[in-house]
Amino acid sequence: MPEFCGISLAHPVINASGTFDAIAARRVYGDALLADFPFSAFVSKTITPEPRAGNAPRRIWETPAGMINSIGLPNKGLEGFLAEDLPQLAELPVPLIVSVMATGRPEFARLVEAVADREEVAAIELNVSCPNVHSGLIVGEAPAETEALLEALRPLTAKPLIVKLTPNVADPAAVAVAAESGGADAVSLINTLKASAFDPLSREPALAAGHGGLSGPAVRPVALQQLRSVAAAIGLPAIGMGGIGSGADAAEFIAAGAALVAVGTESFRDPRAGSRVAAELDFTSPQGAAVQPALDLD
Amino acid sequence: MSAPFGRRLCEVSENHSSGGYRVFSLLDREGPTPLPGQFYMLAAEDHWEQLGGRPFLPRAISVAETGPAAAGVRLDFLIEGIGPGTGRLCELAPGESVWVNGPLGNAFREPREVSAGAAGAILVGGGIGVAPLALLRRRFGERNVPVRVLLGFRDAEHSGGLDDLFACCEVRLASEDGHAGHQGYVTDLLAAMLTGDDAGSAVVYSCGPAAMLEAVRALCAAHGVACELALESPMACGYGACFGCAVPKPEGGYLRLCVDGPVIAGDRVAEVTHA
Amino acid sequence: MPEFCGISLAHPVINASGTFDAIAARRVYGDALLADFPFSAFVSKTITPEPRAGNAPRRIWETPAGMINSIGLPNKGLEGFLAEDLPQLAELPVPLIVSVMATGRPEFARLVEAVADREEVAAIELNVSCPNVHSGLIVGEAPAETEALLEALRPLTAKPLIVKLTPNVADPAAVAVAAESGGADAVSLINTLKASAFDPLSREPALAAGHGGLSGPAVRPVALQQLRSVAAAIGLPAIGMGGIGSGADAAEFIAAGAALVAVGTESFRDPRAGSRVAAELDFTSPQGAAVQPALDLD
Amino acid sequence: MSAPFGRRLCEVSENHSSGGYRVFSLLDREGPTPLPGQFYMLAAEDHWEQLGGRPFLPRAISVAETGPAAAGVRLDFLIEGIGPGTGRLCELAPGESVWVNGPLGNAFREPREVSAGAAGAILVGGGIGVAPLALLRRRFGERNVPVRVLLGFRDAEHSGGLDDLFACCEVRLASEDGHAGHQGYVTDLLAAMLTGDDAGSAVVYSCGPAAMLEAVRALCAAHGVACELALESPMACGYGACFGCAVPKPEGGYLRLCVDGPVIAGDRVAEVTHA
């Protein structure tokens, strides 16, 4: 059983934030979802202090071996999350990680404090791909901003703080080191790569928001390299993600230094991808190009 | 009944052409019988990637008919090949397997009033949008809901499903090129019908291109007639996971078409700008 | 006829540096190559002051809709290039752009001066994905380094200077603006994304160099977004590249603001990809999802 | 004669299994007749992408036999399915089309000494490496170069090509499991042969796994016998464009196997660490 920041997990495969809505899935699939929950921990979609409707459609666009999304973080806001979603997520058979984002330290602090003492919450993921309203800098692009944010949040909770790194930087390891100095317990990477596409007919941007984030197998080689450089630079455990669709893919991330892996876009193709990836990690794929990783994470 | 959790492989039992479209059948050994309006996320098991790394995601396809089969449920789909995903589904050969996730989404609701005197259901379909109406018509027939079917097609090359899915029953046709029925839009037929005395107790059920759905919605709103529209939007997952399928709500904000739809009451959409 | 920095071109499709060796191709295909040259200008593989053998194999690795390379810039060095390659490249039926890279301003200056007065050379591309040996900074990751380099090189030649931007930065537009301020005539983008992969059997890095650069259709959405933001920020023409394999792809880059497009990895799959892309730009693809771009580049 | 510039579509005329491998044939209407040792870059026109976006690049495959055909040249290939690219080539059906670039690379050279008393050519092949030796053997036969053929296989499931490509002539076999011929390595047979009096005038031609080639290279070096090795390396382009196919030179630096090879004189490689 892998252990991650003191949390025991049944296997090393969790979900990527924003790519699995356990509440909606339970409505669709019923309690079979709980009996056969695909992830060893559940990461919520990112919540923000106030409710957000998300971006205007079109929000998604298929690309070679991947997709671009500009969903825009629709969520019920902190109050709505606590009142409506948290009780339902607490029924899941696995530990809950709450993902939060804000545009300033006080707002981030409000989010962290609100879940800091909740028994239902096992850990907090900080989505730092956001601008600081005061400095204008994207927090996750600036090591000093990241460190300062962690220093501000660290005293507020005993729960593990996971920093979700942004991949759109020259040196993600520098940001990871700053997160470590600031008191983070773990990092997760990669978030989506800045991307766009044009509608072939109109030749206008395909997404209403103009651009979005690339995910799926296409980004896997970028994710593996960033993970490799980050894992080499810090002493903290890392959650690796970006295009994982099979046990063989997951084994590459573990080879690159991941303690856990997260499945995102692949869940859209296969709702049980998490369980499948976890199972495949133990088997040799029929493709020959396969993997039998020595999984000793605990 | 819920869809089985996860995706499953189903074998193709048939595939034939139908007025420019294709109709293919899957044998589903596990799933429940789908309801009219529901859809499945489909992806060929082999050779899904066709061209430049696409399709990558599964494709949302409405179920057009269903029935019991030797060891499960037969699912019929009507497909218009417009890109790599639907193109691959069009060429499925019997014996091939398809990844199936579903049935997903909500279903058309029955008219509340089904008394003898009530106008009953008016089904308005256009192009590939006739697919979900086929199953709906049969269900209504079985439940003795009076049904009138109005179908519109661009031309003979875009009239798929007519012979296969609506063979049994009376349909009123419109075609833009006049090759069959009224020359013009199917909404011309609907407009005439909504001036009838019994229109107030009718419920309109519609699926088709955005412009047609918007005309249906506006007509029904003008005549105070209830309507249910089966919409489309880009879908990555079909089960509420991606938030990609957003459709604007009249009061602001968005609904997720895959879990809150694909069937939406006419007064729950402001204006249909995409199908 | 598109015109680019005063150079008239037969069509808007050139090659990406390092992805087509016109000398080797002529050995393989004979003079048919010249009769039917696929590009409207030819960009040399990057040359460095001294000869380089390149990296140890394994140098390439296939990835979803793309590939990683760690070729390591093998080249004959400036003297070898001038003596052996330049005379052969001068026989090509299209204008020649020479790509150069060095690790300091004096070495860059030596390269630029050596071709500055050569009639055979139409323009110079500066590959700035290299560390400055003095500052340690990757020139193309630091706007100030890029601007200083351009200011040092600008006086040395009247030929157009094209800056090949690196995509591994948070804000490529800032570097492009710096290149413009320094006196560049054009920019080109994107170079490859930092990437790695692990051999599924050994779980060691798949490439001997540990990591490499990702190219091909997988990176196209990233390239389009970087191009979009760069083209909006500068007044110079941009050469767009990254995963172009068809006329429809090229049209997306033109919609995003490219004056010219370059074909790289696709030439490996189709040696005449350049001509095909140029021809397809005028036709509607049978896929329906097609493009008929209003090409008025001159 | 140069390869035609660019890639062209060639139709599959046949595909059959052969001792665990597949032999398939293309009809090439444009290309010149290839020489022994040359290869082609191949990619199926349809459904090339198989699995997770791969294969993306074409695959390098040696020509195993060739001959005149109705309207061009027949090209035979021997394929071992070890991944998505060779897997797809194995399943090619007659009538399908394949993108073809080639013939590429250099060819085996003839022995300089072909006098009656000379030892002539010794062909040493292992596994899938027997492919280019089939065409070489026939060419030598046509030119009256004395040829001896030594082939090694792991087991019956990895003995493809034997019946199809070497049916006509005497071959000496070795197999690791002893199912045919000498039990052990084919290089055991070569070692014995190189102790012969005439070995000095022999030339060894070899293709196969890295370990076998290295043993052949070392044996020939030890006995002062010339040898030509057909190597493999990862190839993205096959025509000198990508610099991916680097093979270390004994004096340092690298050669590009696609244009400087794939056939390399034994004294031009330091040690064969990959095939």
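Going in written order, the chains are labelled A, B, C and D, and every chain counts its residues from 1.
Just so it is clear, a contact is a pair of C-beta atoms (placed from the backbone, for glycine too) under 8 Å apart; a residue touches a chain by one contact, two chains touch by 3 or more.
All of these numbers come straight from a predicted model, not from anything done at the bench.
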Per Cα centroids, the chain farthest from chain A: D
Distance between chain centroids, defined by C-alpha means - chain B, chain C (Å): 48
Separation of mean Cα positions, chain C and chain A [Å, integer]: 34
Euclidean distance of C-alpha centroids - chain C vs chain D, Å: 35
Multi-partner residues of chain C (each touching 2 or more other chains): 63-66, 216-218, 289
Touching two or more other chains - residues of chain B: 49, 52-53
Contact graph of the chains (line, ring, star, complete, other): complete
Of chain C, residues touching chain D in the complex: 18-21, 23-25, 27-30, 32-33, 36, 45, 53-67, 69, 71, 74, 216-218, 265, 267-272
Contact set on chain B toward chain C in their complex: 51-53, 82-84
Contact set on chain B toward chain D in their complex: 46-47, 49-50, 53
Complex contacts: residues of chain A adjacent to chain C: 63-66, 68, 138, 141, 168-170, 193-198, 200-201, 203-205, 210-211, 214, 216-222, 224-226, 228, 243, 248, 251-252, 255-256, 289-291, 293
Touching residues on chain C, where the partner in the complex is chain B: 64-65, 217-218, 245-246, 249, 287-289
